[in-house]
Structure formats: C-alpha cells, structure tokens
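Both complexes shown next keep subunit A, but they swap its partner, so subunit B is in the first and subunit C is in the second.
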Partner chain A sequence: MSNILECKDIVKRFKDKDALKGVSLTLEKGKIYGMIGRNGAGKTTLLSIMSAQSKPTSGSVNLDGEEVWENQKCIDNICFSRELNPLSTFGPNNVKVKELLRMASIYYPYWDKKMADSLVKKFDINIKQRISKLSKGMLSMVTIIIALASKSEFTILDEPVAGLDVVAREQFYKLLLDEYNETGRTFVISTHIIEEAADLFEEVIIVNNGNILLKENTMDLLERAYHVSGSADDINTLIEKYEAHHVENMGRSKGATILFKKGERMESSQDVMVQPVSLQNLFVALCGKE
Partner chain B sequence: MNEILTQEKSIYIQISEMIERDILRDIILEEEKVPSTNEIAKLYAINPATAAKGVNILVDRGVLYKKRGIGMFVAKGAKEMIKEKRKEDFYDNYVKKLLLEASNIGITKEELVRMIEGSQGEI
Partner chain C sequence: MDRSFISNIKFISFIVMRTIACVIVFDVVYLLLMLYSGMKISEISVENVYWMVQFIATFVFLIIQITLCTAYQKIILTLGSRRKDFFMAKYFLVFAVIVITAAVLGGMTYVYDSISIVKYMYSLAMILGVNIITILCANMIEKFGMTGYIIFCVICGFIGGFIGGGVGALMKYKILKSVMVPTALTILATVVMIIVMALDKKWLDSYEIK
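Entry: the complex of A and B
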C-alpha cells in the first residue's frame, strides 16, 4: 500500500539555471491534484523527479518513507505518462502505437490490457501507426491511455489535454472521474487549460520560478480570493490591510485581487465592488508579471 | 440538475441550490433518491468531494437524508423546509440588494414603496 509521496528540498540544477530551488511537497493517496504554472516554471522537471525518472541535484523523494530512486518497489506504484513529442529523435518515436503499449504493459506491473484496448477503440486510434506519424491530439490520447491503464497508485499526467479538442477534453475529464470513483487512485495533472480543469482538482499546486507558490484545497483557496474594485482611495486602504496582487489603475478607479486569510471576509458595499475570481484569474494575478 | 454552472458562486453552493430547485419544482419528489455524488461529479466534470459538499449542506439541514448503502433521499417535508429557509434568506438575498441599488441611484423609500404597491407583478 502506498499512501504518501513526499518530496524534500528538491533542487535541480541545469548548467546555467536552477530549475527547482528547494521544493518540498507532500501528496496524499486518493486525491486529484492539479499542477499549474507558467512555461518554464519547473512543472515537468518536478514531475519527472517525483516519479524517479530523473535524479534531483539534491533533496529526496520518498514513497511511504522509502527513497524512490532506483527502488523498484516504489517505481511499480508510480506512473509518469510523459508528453510524447513526434519531433524528438530519441525515445519511442519510431515504434508503432501497438509496440509502445506493449512496452508499457511490461513496464507497469498492474497494467490493465482490457482497459487499454477499450480506450484505443474509444479514441479510434490506429495502433499500427508509428508514434512519429500521430497528430498532436492522438499523441495526447496515447499518453492518457498509458496513464489510465497503468493502474499505478500514483499516476502523473503531464499536460494530458494539450492538443485535444474540446469534446475529447471533456471525454478525458469524465474518464478520469470514472477511474477515480472506481479505484480512488491518486492523480497529479499538470495543465494550462486551468478554467476547465479547476473544478476537477481537490487540491491545486501552483509552481512558479522553481518554487511551490501555493498548495491548497481548491475550494478553500477560491473562497478566500476576491477581486475588489472602486475608487483608488478605497482600494488603497484594502491593499494596505490585506494581501493584494495584480493591482490595476484606470483614472481614479482601481482594481486588485485580494487573498484573504482563512475566515476573513468582506461584503460588497456601495463603494467597493467585491467579486469572486476563478482559479485562472487568480493564477494570472499571482504569477503574471507586469 | 442539468443546469449550467456559472462563475458567480462556489460550485458546491450551486449544486445544493440546483437540488433545492428540483425539489421545489417536483422534478425530484419527497422520499425519492437524488443523483449520487459520483453521478453529479461526472455530469459537471467536477471533483466528487465538491459534489459531496453540496449534497451534505442539504443533509445537514435535514432536506436530504442518507439511507445506508443506497444513497441520499429527499426528506418528508423538504419542500416546506426549503421555502422556509428561502423566506429567511429573502431579506439578505433580495431586499438588501434592492435597497443598496435604490440608494446608489437616489430612489427614496417612499418611491420604492409606491413602486412595489403599484407593480402589476405576481404578488
């Protein structure tokens, strides 16, 4: 039984850049986590270290207290379905879909062949085609099939919906929920399509500049995030009092995104308009640079 | 159920309000089973914990009750309960906003009363 995946002080240094600057993160079994962050924030690096596919410069990753690096017992319980890139000359590009799925069935000890076959049918994928010849959407579908059919306790999907059309994305969210309801597996999903997936995540992890900016229950987070607007004087008073982000001026008017502390609240009044914000709005407010 | 979710309110609140509306409109009857949290989660592509939170608000208020191993059911007298609660909330949800907007644009109390009395509305 795997219950807790824990990263401690992960640093990943590339030649000229620290991709991760001391990340600590604990994931509990049985939740759907969403990981969001800008391009280059360090999401994929972190996910591949979490799944023991690359080694951190320093720091450790433990599954139930056991170091995961080169530890077969731990690796058996973690699946990281990477984004496939048709242009890369390395990796599985020259093989056919059929062969890639067969490799996955050997690599993942809990592989569910029946599920993989039914998903191939559902997504209408030609398994005789080479990976390098697949469209962007088809590539996404193959990574989704591998992730779901791996049946790994901790399953990590790196941008599973990039390249999928809106109908296929909806289909994926429902497939994921079906699998989650049935098994209670843990999923970590990174995505740039925040608006759609926000309601799917029990917890959201925001990665920014090689650090974890925030990890919190999505509902709790949104319940303390509001956009306020009104006269510059009124809003300035609020900005001094509360944690404010993304302040914007227009003439005498001012707006800001406010992150209240738990339990703090403010009502709309005649002078100050208080509006709820979406996870996407909040993300832009927190991570967007002026 | 089957309404479209909006950005204006927390999703779990929208879920609980939707179930209430269905009970008020006799789409779900008293002593009948309401959709499971997994069904609701899948319909809206939301986390089952969110759907459960919406359902549990109604359980806490006695509108729904749990039959172990079967699911959630609408309690007897749920319709009355919902109406009572909405009456209680009427001042906060409607009257307060009405008064705020009235004062914003300078409608006096007398004018407001005259409008309500003269309205050809349903009351």
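Entry: the complex of A and C
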C-alpha cells in the first residue's frame, strides 16, 4: 500500500517562465496537507505533476519508490480533482453531472457510488444539469464529490472551496474530517481561504515563486511565529537577531513578524508587545511584498 | 487487458454511442419519409447500400466521432487515465471500424458484380483519408478551440462538395478508372496515417492540462 509520495528536484519550464524551480517534497500517508501560495506561485502546476497529469521538465515524482508518470499502479492511488471548467473546446461544457460522475466511476478503480450518490443528495445537485449551467459553487461541489468518492489513497483538491458559501464550506470541512477519520486517506488541499482551513491542516506547505518556502507541522510552525511591535529601536534589535518579515513602520513604532528557528526563543528583556500570529498573517508576512 | 485501456474503450464507446443513437433515429426517420414519399424498397440498389455503409462508417457513424474524442482528452486525463491507454483505445476502435467496414464493403464487392474493385479501393483510400484529416482537425480543434472547429467544418464542406461534384467530373479521366491509382492512393494514405498517428501520439504526450 502507498506510503510516501516523493518529489525530487521538480523543474517545470513553460515558454517564457519557470513555474517550478527545483522543488523537492515528501508527502506521507495519512495526513491532511494544506498547500498555500499566491496566485501564480506554482501550486496547481506542482499538484498536476505530483498526480502524473503533467510531466516535469526535469525531476521525478515517485510513489513508494515507483515513478508515477504513466504508471497505472501509482495513478490508481492518486486523485487530483481540479476545478471544473464550464467551457470546453467546443464552447459551453455540455457534459451532464451524471455523465461526469459516470466517467469518474469508469476511471477510478475504488469509486464509491453510494458515497457519490449521498453527496449529490446532501449538496442538492441536479445531476441532469449540464456543467456549463452550474454556478461556481455547484462546480466546486461536484469537484468535491469526485474527490471524496474516488477513495484514492492520495487525494488532491485544488481550491475546493472556491465559490462555496460559508455553510457549504463548513459542510465540506466536516465531510473531509469524517472521511479522514474513517479511512486515514491522505489529502492535499490547496486553498486561498487560509484561516478557515488552517485547523484542518496537519502540515502546511507554502509555495512561493516556484519554490517550497516551507513545509512543516502547522502547530509547530505557529508556535515559532509571532508578531512583535514596539519602539523602532527595540524592533530593529530584534530584526537583526531573528528572521523578520513584513516590517511595518508606524510613526515612531515598528512592527514585524518574527519566525524563530526551532528551539529559539526571544529574550525576555525585550520591551515589545508579542502576539501569536495566525497562519494567514504569517503567510502574508512571508509571501507578501515588503 | 489493462484496466485503464478498458476504461478508455468504455468511455469512448459511451461518447460515440450517444451520437450513433441519434444517427440511427435520423436514418430510420429519413428512410420512412422516403418510403412515404413513394420510394419503393426495391428501388434501393446495392450501390445505395454500399454508399450508405461507407458514408455512415466514415463520416457520420464512427471514425469522425472516435477521432474527435481528442476533444475529451482533457477530461479523460484529469480523471486519471494514462495517455498511452487513451491513445491505444482510440485507435483500437478506429481500426476496428476500418477493418469491419473494409470487410463489409469487400464482401459486397465480391458478391455483387455491380460494385467494382476500383470503387472498393477508392472507398478504402477515402476511409483512410477521412481518418487522417480528422486526426489533424481534432488536434487543431483542441489547440485553437472554436476557430479550429470552424476550419474543420469548412474542410468537411469542401470534402462533401468534392465527393458530390468533383469525383464525378474527375472520373472522365480513364487513368482514374484503373485499379492502380486507387491502390496507390490507399498505400499512400496508409503511410500518411501512420505518420499522422505518430504526430497525434507526440502531441498527446506533450499536452498540458490547464
């Protein structure tokens, strides 16, 4: 059974841009990973390569030591549920929801029809409706249904909550946790709605500008990230000592987000206000422009 | 047989069967209208049936439909199919249609003196030629979207016009009535088809899902 999905030195080059610049990443079985990054950071490209839907320019992706590209044994254990496009090559996407679910049942070897049917009912989706006629939220729901009902060991969801209202998002998070608790499947979720999903993520992966900025246990990461504010001189002292991001000047005061190294602690003599920082604010500090 | 290959056969058949069902309904309604307008069943000649089999298999029935499944490659690859299996399933079905159609038309040629071997060889060349054009057009549609589709429709119109009017005019040239010309065309079409299939595989392998 699948245990480790490993990416080694993944480079993906398009005509005018390097989308990924030597990414190495290991995903272990039985965790919920959150992948966050700015638009154009390379998240979808990386997820596409990890799921053998795109070929890297160089580097390799292995599942339990076997390369995933064109490897049916590996592909059977990976599901990458992408955002559905209401447009197709011929114009509006006229595939019906029930046809799409039928296609999914043909291709996914562990497809759970019962679960798919119950999710369709739960989300109140009209399966006779065409993809082009679905709202953005409904498209997200169909994506979620395919991901959950695929029962793939490694299930990747690319912005699954885009377009969902807050009630539907809470439903999704609950469904995900229930499925995770029942099956122990590995989920990789990329999202821009960081604050809501942060509690779900056992590990967070931050992608920035084609590189993995960090990959760490969420709680451990947040335990070493703080926002400090105080007089400019005191903050400047801290900036020189520790890894500081997103420095803000507020008149004679200053603020910054400090990311301590593991085991590092701030000296108690510093006369500054120290506050824990949320994952979202940490992400903005790390990836936002100064 | 590989599970993914069978999945692709199932999927492509599912897509094609929907269109076939529409075509069969159309053909039945058309035939009924013809009979209602006074045509007798005995007026339907062997040549009519030969043409119908060729027309349906090539243009409407299967070859175009199967090859146009290139338009579905994004969704198929997204659902976890290997590119190799999609390619093999598509051409397995295409060649099945070509072989069955060639066998049916060949059988009719053998049984009925009214259908000449020259006509049969031209039929084979046409079937292969249509497949070549459709492979190229399918990739053009995938790359250029609606623009490619419009160009495809123009090409179909041109081919239809050529077959309807141009062929009759050309057949006044005696050389075209010898068996050598259509045989050479069939061999050429086979070679070109192999090249175009290789290109199709190359484009599929380098296809980026966006």
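In this section, the second predicted complex is superposed on the first by the 279 of 290 C-alpha atoms of A that agree within 3 Å, B and C clash if a C-alpha of one lies under 4 Å from a C-alpha of the other, contacts with A are read in each partner's own complex, and residues count from 1 in each chain.
By our rule, a contact is a pair of C-beta atoms (placed from the backbone, for glycine too) under 8 Å apart; a residue touches a chain by one contact, two chains touch by 3 or more.
This structure is a prediction, so every number in the text was calculated from the model and none was measured.
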{"item": "Subunit C versus subunit B on the shared subunit A, clash or fit after superposition", "value": "fit"}
{"item": "Which superposed partner A:54 touches (first subunit B, second subunit C, both, neither)", "value": "second"}
{"item": "Touching partner for A:199 - first (subunit B), second (subunit C), both, neither", "value": "first"}
{"item": "Subunit B versus subunit C as contact partner of A:219, first or second or both or neither", "value": "first"}
{"item": "Degrees between the directions from subunit A toward subunit B and toward subunit C, using C-alpha centres, nearest 10", "value": "150"}
{"item": "First, second, both or neither for A:177, with subunit B first and subunit C second", "value": "first"}
{"item": "Partner chain in contact with A:80 - subunit B first, subunit C second, else both or neither", "value": "second"}
{"item": "Touching partner for A:207 - first (subunit B), second (subunit C), both, neither", "value": "neither"}
{"item": "First (subunit B), second (subunit C), both or neither touched by A:116", "value": "neither"}
{"item": "Which superposed partner A:148 touches (first subunit B, second subunit C, both, neither)", "value": "neither"}
{"item": "Partner chain(s) touched by A:276 [first = subunit B, second = subunit C, both, neither]", "value": "first"}
{"item": "Greater subunit A contact set [subunit C / subunit B]", "value": "C"}
{"item": "Gap in Å between nearest CA atoms once subunit C and subunit B share a frame through chain A", "value": "28"}
{"item": "Contact residues of subunit A, present in both the subunit B and the subunit C interface", "value": "none"}
{"item": "Touch list for subunit A against partner subunit C, complex", "value": "48, 51, 53-55, 70-72, 75-76, 78-80, 82, 88-91, 95, 100, 102-104, 106-109"}
{"item": "Of subunit B, residues touching subunit A in the complex", "value": "5, 7-12, 38, 41-42, 44-50, 53, 100, 103-104"}
{"item": "Contact set on subunit A toward subunit B in their complex", "value": "32, 170, 173-174, 177-178, 180-181, 196, 199-202, 218-219, 222-223, 269-270, 276, 278"}
{"item": "Touch list for subunit C against partner subunit A, complex", "value": "2-4, 7, 10-11, 14, 71, 74-85, 141-142, 145-146, 149, 205, 208-209"}
